[in-house]
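As written, the chain order gives the labels A, B, C, D and E, with residue 1 at the start of each chain.
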């Protein structure tokens, strides 16, 4: 319980300190807060590993009066992934977002916004209350939009405004569903809703909430806001936005469909969700192929990579939840969520280094970067392996599990999507890799400290290691998993 | 007796409100409308507050009613003056 | 008779809502939106939700209105307040009617109401106003995050400043004719608003009121004094103001941790201490809310622009 | 009777707001439309909360939270619109139909 | 008495509706703002009547409305001034208004 509370309050207090303290004390305070929050997230994972899910009724009030928190394997694992990405971003941002480099405005705003985002991501991973999740989603939205606008450029303002427009529309759709849910059942608690008496308005409520969350997760066709918002932000902010922010709304979707209202998971609805995911995989990949700037390629790849996760709905949802392959599909989707987070953050941090070193992220300007800054080239290559789904990476484990479940359940179409997506990823990542590993280097880039280059490399190595050591996380994710009728393949 | 006062005073208040609205809608130029606005509905509000005061159950409620009226008078007076000036500047603009 | 009153009210609300959307011109939409907030406050009064009525009157009719008016003024000076000609958008109308019809259908499909039973919990909450009990005790986590949302919005707003204006005072440089009507109003209003705002926070424990409503009223009078040139907005780098921003959320978090250390758990308030704890948290929150709201409305550090 | 009236008014306000959001691309009007949708939803919620014996305080608290959240989002959105107008001279998003 | 107060509230709302027509058809922005101000006063009156009808705590809401209506109007007049930050009573912005010499 202490670890859970620490993970929520430490980043909040650090954010307050970063706002109130004078300029020179801000970054140290933020880094201290980041270190402590990382420790709290790891601690929470250890506690969950040893004793099972951690449950806490806030203020001592049980639902439906109060709000309950519950850290299961899924929530704790996402918390650890978030902590690793946040810590890496904080270390990299020391170079990029210090007031002396980014100016006093961005150097002031980045740190508290990052910490607020961290606190709310942690809150989203453990909250069991649908309205509390609405408040959390709004907080994530406002922090994320602010992080997009932080660069101050005209295109960033327009991208931030478009992002806010979509995100608020998504929030209101979600809120409409929450209102209907409370009006029908007098509770907002996910566990209590699982045991509710079904009402005719439930399908509409679930549909509204799902639609809102899809907009926030940028699933095809609601993805139009994402690439420009993610690429217009400064690189450390892009890493947070792409690797972490969509995961919060995604997690709520999983909680709704697998925990709160699994009885409403009709085959047609599950098929629709997965079809949209499949289209995201293809369309996002094709658009990524057409980009000339590294950050835009990486941002469009997020659209595609998020699509895979939606294959979990027909493979593990509804009546399929009781089948033997469900645990594999479920775990594969979470593996995809985790490994994409680590790899995507690594890629954006590499892009940030290149922007500082070369002043540009056009592929034509990045030729031969691996010779000048070998660690960054290595990091980008490892992260690419994860996104392509090549062994032995975490992305491979994810796609392997999903594909096995697809074959086992006879839904071979999803296996085709997985294969096509992998090929597309190889194609769109080949271009930046070819540029970075080109033999000639055009201009001598600015020197980048090795300690900075090592940060994305660390994340990329972790994203691969997730596949090498997959048995521990596999077991971890089963802790508190809804409906664990059958254990894996 | 108290009820009778309420009927009379709130009724009177309504007359002023209606007159104020009619003035707002009918009078052609801005400044006579402004006059209708500040006089009509603030008197109306005063009479309604006074009428309702006869139904009040405590001194605190009476004080509150009086305060509301004073505040509304103050605000309306100020606002009418300022908006009239702003309207003058607005007329200079294309 | 009371149904006739509600019908009149709903007709007005719908008419104003329609006018807000249908009418041409941004300024007209803004003014209709202000009157919309006012009518909605009356609707909440009719529903018996007095705390909501107060919040709606203070926030929707007051602060959001002045926010939109100021923004319209800015856009006009930037030549961006003009609107392209409007026409009927049939697909949008279909979607809108569909959503409204879906909600309308859901109303009749709702099962019998099942509100949580608060009769056991309320006496332990430390306050007599059930809405305050929910906000500051039962669902304190929501309220804490809500106060952080205000903060996040303000940080986001500040990020929109131009870099060279960053060390300038926040918002536009307001000025008024010394001794004029506006300046006098800016001096008369604060005492009234201050007393009323503090009263709302104090009374909120047991009757209509609360930290958000009180903070909004305080913010409103503060804004009037700033717009009347009586008070001046601070700069970002003035530490005391930034400390005021995080005071409320900070006290809230720390009291939550104290609950975890000394009482049953995070955000727990022992019934004996609940009332003083809630009043303390609300007082700190009110300060932060008021300052944050004022700064949210006046905007980032700015130099403004002259009328062409 | 009155509750149904308020709930249906809320639903209609949501519809009006959705129409405004989709059909009125000027960003200031879109912010207003968001507020219409939010308040319509809250009105529906408030009417639903008044159905039982007495008024359920939990929805009231949630609505107050929601009103403050809406104000925060509106303030940031207004700031972004002004910044957009300052940097590009228009309050319409790029590529939005009906640009001036 | 209850019936009469209901009637008063309804008539007040109807008169408020008349002012709404002026917002719709106003000739100038100031015209619309003034109509909104009248609507504000009518709203305060309605709330006072409802206070007597339902619950006297509504007087608090009426007071808040009266206070906040003034804020909107002040926001309007300042936003109408040439620099968006002035007082309509100033003939011209004071000299040096741009140097922001405040706060020392």
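Please note the rule applied: a contact is a pair of C-beta atoms (placed from the backbone, for glycine too) under 8 Å apart; a residue touches a chain by one contact, two chains touch by 3 or more.
On a predicted model such as this, the values are computed, not experimentally measured, just so you know.
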Shared chain contacts [chain D and chain E, defined touch]: C
Minimum number of chain-to-chain contact steps, chain A to chain B: 2
Steps in the shortest chain-to-chain touch route ending at chain E and beginning at chain B: 1
Most distant chain from chain A, judged by the mean position of its C-alpha atoms: B
Selected interface, A-D versus B-C, where C-beta contact pairs are more numerous: A-D
CA centroid of chain B to CA centroid of chain D, Å: 31
Centre distance in Å when chain C and chain D are each reduced to the mean of their C-alpha atoms: 14
Distance from the mean Cα position of chain E to that of chain C, given in whole angstrom: 17
Residues of chain B touching at least two other chains: 67, 71, 74, 78, 82
Interface hub residues of chain E, defined as touching at least two other chains: 16, 29, 33, 35, 60, 63, 67, 69-70, 74, 76-77, 80, 82, 87-89
Multi-chain contact residues (two or more partners), chain D: 14, 42, 44, 48-49, 56, 58, 62, 65, 69, 72-73, 76, 80-81, 83
Every chain pair in contact, whichever chains are involved: A-C, A-D, B-C, B-E, C-D, C-E
Complex interface listing, chain C residues touching chain A: 102-103, 105-106, 109-111, 113-116, 118, 121, 137-142, 145-146, 148-149, 151-153, 155-156, 158-163, 166-167, 236-237, 239, 242-243, 245-246, 249-250, 253-254, 256-257, 259-260, 263-269
Complex contact set, residues of chain C against chain E: 1-2, 4-5, 8-9, 12, 15-16, 19, 23, 27-28, 31-32, 34-35, 38-39, 41-42, 45-46, 48, 50, 53-54, 57-58, 61-63, 65-66, 69-70, 72-74, 77, 168-169, 171-177, 180-183, 185, 189, 192-193, 196, 200, 203, 207-209, 213, 217, 220-221, 223-224, 227-229, 232, 234-235, 303-307
Residue numbers on chain B that touch chain E, as the complex places them: 3, 6-7, 10-11, 13-14, 17-18, 20-22, 24-25, 30, 33-34, 37, 41-42, 44-45, 48-49, 52, 55-58, 61, 64-65, 67-68, 71-72, 74-76, 78-80, 82-91
Chain D to chain C touching residues, read off their complex: 1-2, 4-20, 22-26, 28-29, 31-33, 35-36, 39-40, 42-44, 46-52, 55-58, 60-65, 67-76, 78-83, 85-86, 89-92, 98-100
Complex contacts: residues of chain C adjacent to chain B: 181-182, 184-185, 188-189, 192, 307
